[in-house]
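Chains: A, B, C, D, E and F, in written order; residue numbering restarts at 1 for each.
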Amino acid sequence: MPQEPLKPIGSEAIAPFTYPDTLLRAQRRDGPEGLDIALFGMPYDGGTIARDGARHGPGQMRQMSINIRGCNMATGAAPFADCRIADIGDAPVNSFDHEQSVDTMTAFCKEIADAGAWPLAAGGDHLITLPVLRGTVDSSDPVGLVHFDAHPDTHDAIFGTKLNHATPFRRAIEEGLVDPKRHVMIGLRGTTRETDAALDWAHEQGITMIDADMFFDLGAKATAEKAREVVGGGPVYVTLDIDGVDPADMPGTGSPEPGGMRMRDMQVILRGLRGLDIVGGDVNEVSPPLDPTGYTALNAAHLMFEILCLMGENRVAREL
Amino acid sequence: MPQEPLKPIGSEAIAPFTYPDTLLRAQRRDGPEGLDIALFGMPYDGGTIARDGARHGPGQMRQMSINIRGCNMATGAAPFADCRIADIGDAPVNSFDHEQSVDTMTAFCKEIADAGAWPLAAGGDHLITLPVLRGTVDSSDPVGLVHFDAHPDTHDAIFGTKLNHATPFRRAIEEGLVDPKRHVMIGLRGTTRETDAALDWAHEQGITMIDADMFFDLGAKATAEKAREVVGGGPVYVTLDIDGVDPADMPGTGSPEPGGMRMRDMQVILRGLRGLDIVGGDVNEVSPPLDPTGYTALNAAHLMFEILCLMGENRVAREL
Amino acid sequence: MPQEPLKPIGSEAIAPFTYPDTLLRAQRRDGPEGLDIALFGMPYDGGTIARDGARHGPGQMRQMSINIRGCNMATGAAPFADCRIADIGDAPVNSFDHEQSVDTMTAFCKEIADAGAWPLAAGGDHLITLPVLRGTVDSSDPVGLVHFDAHPDTHDAIFGTKLNHATPFRRAIEEGLVDPKRHVMIGLRGTTRETDAALDWAHEQGITMIDADMFFDLGAKATAEKAREVVGGGPVYVTLDIDGVDPADMPGTGSPEPGGMRMRDMQVILRGLRGLDIVGGDVNEVSPPLDPTGYTALNAAHLMFEILCLMGENRVAREL
Amino acid sequence: MPQEPLKPIGSEAIAPFTYPDTLLRAQRRDGPEGLDIALFGMPYDGGTIARDGARHGPGQMRQMSINIRGCNMATGAAPFADCRIADIGDAPVNSFDHEQSVDTMTAFCKEIADAGAWPLAAGGDHLITLPVLRGTVDSSDPVGLVHFDAHPDTHDAIFGTKLNHATPFRRAIEEGLVDPKRHVMIGLRGTTRETDAALDWAHEQGITMIDADMFFDLGAKATAEKAREVVGGGPVYVTLDIDGVDPADMPGTGSPEPGGMRMRDMQVILRGLRGLDIVGGDVNEVSPPLDPTGYTALNAAHLMFEILCLMGENRVAREL
Amino acid sequence: MPQEPLKPIGSEAIAPFTYPDTLLRAQRRDGPEGLDIALFGMPYDGGTIARDGARHGPGQMRQMSINIRGCNMATGAAPFADCRIADIGDAPVNSFDHEQSVDTMTAFCKEIADAGAWPLAAGGDHLITLPVLRGTVDSSDPVGLVHFDAHPDTHDAIFGTKLNHATPFRRAIEEGLVDPKRHVMIGLRGTTRETDAALDWAHEQGITMIDADMFFDLGAKATAEKAREVVGGGPVYVTLDIDGVDPADMPGTGSPEPGGMRMRDMQVILRGLRGLDIVGGDVNEVSPPLDPTGYTALNAAHLMFEILCLMGENRVAREL
Amino acid sequence: MPQEPLKPIGSEAIAPFTYPDTLLRAQRRDGPEGLDIALFGMPYDGGTIARDGARHGPGQMRQMSINIRGCNMATGAAPFADCRIADIGDAPVNSFDHEQSVDTMTAFCKEIADAGAWPLAAGGDHLITLPVLRGTVDSSDPVGLVHFDAHPDTHDAIFGTKLNHATPFRRAIEEGLVDPKRHVMIGLRGTTRETDAALDWAHEQGITMIDADMFFDLGAKATAEKAREVVGGGPVYVTLDIDGVDPADMPGTGSPEPGGMRMRDMQVILRGLRGLDIVGGDVNEVSPPLDPTGYTALNAAHLMFEILCLMGENRVAREL
């Protein structure tokens, strides 16, 4: 890495509430060129079934990154010291056209991949994971998924529509972008309809499901171990729907389900993934109008930082 | 009207916070049969450009109807005494498919027209006016419009999409459902792009525009007079985008524009429309997540009641 | 007035957010002895029909008195310089027992009268005016009322109950505490039931009603003139239900009615009452849970200060 | 059960924010006839000592039932498939009269029992449990109670009043409706006065108390076991004051006490009660003005669904 | 102006909630070079007497600029078409050191002046006007002030401190940066202490004061005329403390005073200043924690845009 | 203790929402004379780096003490029965002058010590601990510290300023007021800068640090044990920055860090400190504008009560 690292905003004497608001206090760049990891927003919520507003998620996550200081006290990770990281803004979307938006988001992510950078996105609803995968994964080399969620998001269609926030993983697996044998879902819970074709299909694909009951039996550390086993040695993508976390920590989301993992659990699991070949990730479903205090976005930003730490360490490890 | 009137909930000794929450405390019916005026929700916000959430508008307007007691102290109108009025629930929508949703909302409204009832809708974003007009107006007999709004909503397309909350009146005029010579817009204001094709087109059609400057010069009573002149003697539909009203009264909406009419102004204008042949109406763009206190929905419900008073008096006048 | 005035908190170098929170930044005293005017709370909301929470009104009005500096820039009134004024705390109430609470609140107010002080209360729901009048007015010398309200509050009973926030003026007039010929209601509006016995009764008593339409025709100054004419030369009590004011200024109240007077109007009317023989008053129906930002209570506290200015000037005038 | 089940709203293609808002997305019926389990509201908060607003609890619980899909992913329970369940609206109340309200609520519940249905209520303050028990339990066959609460609610009187939210279980036991030997309280904690007659009396009756310390020692599963032992084989009623749960999960309640059980704990305990003869229940003390975001009501609705699952399974078991 | 104009974000097909959030949707630049007008934040609130939080004002004003589309419908002004305008971020501050912060903010503004650009700032508390004036005005050519405010801000010191939000105009006049004969204050009102040295001093300097009473007598248009007379033909700076506006429009500020001008009034006054030689301005005292809904910041951003229109037209006029 | 105890407000029949709002419902006194323990506020937030507002913390903690009833159900502690305790109001501060404010707060605390009372303070930002220690501790007899916090607050200076909320323990140790060998920090976590001089210095002094990872390994009881070992037998002060607690319990604070201890944990740890020689304490960093619901302040007040119980028991033990 011959280039200088891009220090996060605030590493010098600058008050933490000073502009610009960027994701994780990264510097602002206009594109992915020269970056190791590109942070960006995907302000699309047209795929939401219940309560919307996640189009404003990236904005509030930027504002609530105020206290993130660049280094992880628990793990010692210092991604900004090790890698060139910047916030490259938001992918373009058309809030009236699912297909077009998925295409423009895909193209945006493809530019990141073409520049040699790894993607770390802030949603938007969970549909946004599909364009990230389409733009950055080659179906000849599908990724494994560590997938935090209350819902499997493997429906074929809702109301006859194939692109929405309940379907991205059905599409991604169909398209060969994700290897279902290396896909682990963590945090499933809540209520279902009488027949749940999404869960059935997920089982058929061989996806590993750690529902809330299993999680609370295993505990966070063993859950991380289990996830490591499932995804194994190949490239891994971390997708984190914040409704996988308990609503006490994430009230500002469209489809909250009581009884989930807590922020501490999430930190332990994510830190337990160190050493995996993590090459991308996203945090999604933050709906600011449902929590104007920003507490949800604060927690989401801190989890995004945990994923960044994993990606940064892996980027360095790969280059050794 | 041989049938008994349907008294509003609360005309007897019932605490006003008692279930069911219906629009304007009307009784609940499963369909429009036997009604003079059907109240209903259109929980669709897929047409929103800026901040969404209006899909929850009908629900909050029902909850904030708590204090509406059936008679208008200012005008003496008593719509529930004169007409059979009920809340028939929400039109079906598919939040992922504009075209399908417009079709199912249109069909829902057509059933109202077929039953001989007049429609009074709670949105949803302003796109919902198009299906109401499609379902209840015959292009051989177009309606005049009293149209309260900060924006003209006469764009041809936004981001290439023809069905969204900036286009309904372009479509309705193209389809012959609205007579642009009898269309008056009240409350226009705010910022525009350098060229504003929507305003230009509206002018070309002969739509009368009373922007905020004109309104404040005229005052509310003269504005009502002007509106009466424009719409004249034929059937009239009242469409009320709450962003026509000042954000101090309607903070909970997606595209607020400072400097609008106040609630008192709205009451005076609407009461100034008495005697017109008003056959339908809607109040739209209430976004509850943007105002969880319900104050916006309270005001919106009270304006919906003013429109109901006009429709009720007209229904009686027509039957004489 | 041989005693020293009690300067308001903050007249010296003290940060305005410093304890104690008192009504209008008055000093705190344990009882009315030696006071000219006693400020106090009446934290009772058991008389509320629709949305409750006004039991917390005095507390929030104390907190939102933070910016009140003792002198009225518009009128020059300086009540704390002219009179001995203190916050004597809250009247005791039993939230489960209307009759007992009315009795204990009456006794509390009677102590104020017995000490020679004048009462200025913060509610609580509007029922609280009854015990103030019972405790401080002698039926041989009934007061005139300047009464701001969206509703007449002259019902005989609601749900068969004679003591609630829709009945205090029926009771007070029946008991000879208020002279209905010197009673003016300002701000009436909203919706009514088909027959409105409360309004009918009020008319029969000869109460003067300035409804919202009349108010907006007259304007604030002429409204004050009209009120002066009605109450004439005898002792006057000012009762201010904040729902008389527009909900844009007072969202945090149980029964808001759009289209009311604005804060500026209220200031003009109240200042237009200077010179009347005002001997008591109250501001009521602030419900903090319905407006946790405190903006409603801020406005209510400032109107309470306007009433204090009137009482202070009158107290001085009487003693001359 | 020869009749068709009443499928919950949303089992077909209907957007989840579509009217009507019913408890747990059940269908709406006008009365209990033909039902196995009647869901209903008890919008009464006149019994509240500290912060009120629970009169609006049923309304917000209906709105926040938006994501409940009818089947329990954790237990497989499918109450709507097994039983005829509907929301029959709210019991009538007079917010000014405790005794009358308790009587009308009792009569409402008696109709449910007379129709052969089991009651599952949404409060209202905790006093509402008394009329449910009075209306549906015969003192010849008292119920056992699984009672979640931070407070014992076994006072004799508060401020001299015998009917309020601190007394329902004193009354119910005195009246023979509850067998104190089969009464288990879970979650007691907080602060007390120097002598606590409520706790003393509860001990004397032989009520089993699992306070917060005991709960955290036992854990959720053993707590459920302990509760099963206490209530044994006879009919059981589950009463859930949401202040038994930690305020992090239930901020919108009048008397929150830090340090309680979490939502996950509640789910585990409730699911641990499967197989008991549970014939009724309630969830109470949701105060929407204290949490306008609806997060408290969301959690309360999900716990109400857990109780419904228990009642549904028991109803089927009894009919076998 | 040989350079290309900098079109605002959103002049092409980009969803309005897309990053970056800039003031008035201007483009982002790292410094003032090549600009005609520099927009920037001054995130300093160490000068606040009552309720703080204005340090976050620029951030929320950026987020709530979402609906600003570049042209003024009422006046036709199109500042982005006429001038090179960009958001150059925030001035550096040290929240612990008034003097140092004023110095660093002054230096930041001096760079703007040195680059030949005019300043338009978002506060921060009202102290921020002092460094703007120090950095951009030469005491040989003092500016006139159009100054909107509820308070005169001409104290000598508060608690012995000379730099705070009640003193900037005392300092600026002492330093010869402002000509008091060309200084007009609009909107003064509220409460005062028994002696008000700030007002007295302001009178002595010959400052013209249009208090709320005068404003409501004059009306907005005549107020603008009066302001024009006072400031006359020389360079003018517009400083807008949002507490000059009524709290119904600006609840999120530290020292709100009921009874002020409304947004419509502000628009009329500001538009009435067209043709003056306006060379700078600021909008200050937006405290986001006091209004998390952003409604205050929305209004503030729209008023900042009105000032921008004035500056843009003047910049063009000067260059002709 | 020959004097009568001062019973808390509410020990007799008084509704809990009745004035005055005092800390922990203690009685109000004007000074520390005759008290065993003085409760007071320190409304200073000029030392805040990120989000301010803690100047209003004491006020909201008073309002949210509503449910505290004087005795600790878990431990049986009854401080008001054992000691003379009162709320003596707020220390004077100058929000513009750190040094002066620290001095006036120090003097206020010195009066408490001189009266023989022990201090228990409500902040304010964490800088307030320094004046408490300066005013009440003699450097010849330094205290041990049980210090709950997400951050060590042992910086030398921030932005060159030595007095702010990141430095109090550096100052206190330098001044010999705290014995670093008897100083235990509990709850450290979050993000750091690349070099963290504050942590390094703290290590060098021999401060014991139990970060979040250690805490979750140990559990609450063992953490209390560890803390007891560190502070040993001498006088101990408990300082509780609420950001040591998880943001799910304390959202209303300026620098929240996810993944902290929960309220239950805090209760267990604090109760585990019984028997130590605890002579003072504080709870700080409650920022009401960041949580207007008051839930944060509720939790903070309950933790302050736990500390009071420890001090009360110790005061009695010392006097035996």
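Here is the rule we use: contacts are C-beta pairs under 8 Å (C-beta built on N, C-alpha and C of every residue); 3 or more make two chains touch, one makes a residue touch a chain.
Being a predicted model, the structure only gives us computed values, none of them experimental.
After a C-alpha superposition of chain A on chain F, what does the rotation angle come to, in degrees rounded to the nearest 5?
120
Report same or different for the chain B and chain E interface, where same means the shared residue numbers exceed half of all residue numbers found there.
different
With chain centres taken as the means of their Cα atoms, state the distance from chain B to chain D in Å.
A distance of 40 Å separates the two centres.
Can you give the whole-Å distance between the Cα centres of chain C and chain E?
Using C-alpha averages as centres, the distance is 38 Å.
Find every residue in chain A that makes contact with two or more other chains and list them.
If we look for residues of chain A contacting two or more partner chains, we find 13, 15, 17, 49, 51, 55-56, 94-95, 159-160, 248, 290, 293.
With chains as vertices joined when they touch, what's the shape: line, ring, star, complete or other?
It is other, because the touches fit no line, ring, star or complete pattern.
Between which chains does touch occur?
The complete list of chain pairs in contact reads A-B, A-D, A-E, A-F, B-C, B-D, B-E, C-D, C-E, C-F, D-F, E-F.
In their shared complex, at which residues does chain A touch chain E?
13-15, 17-21, 28, 41, 43, 55-56, 58-59, 62-63, 89-90, 92-95, 292-294
What does chain D use to touch chain A in their complex?
Going through chain D, the ones touching chain A are 11, 13, 15-17, 66-74, 78, 81, 248-249, 262-264, 267-268, 293, 295, 298-299, 302-303, 305.
What does chain D use to touch chain C in their complex?
45-49, 51-53, 55-56, 94-98, 100, 158-161, 163-164, 287, 289-290
Of all residues in chain F, which touch chain A in the complex?
Per the stated touch rule, the residues are 49-51, 159-160, 188-194, 196, 211-213, 216, 246-248, 251, 255-260, 290-291.
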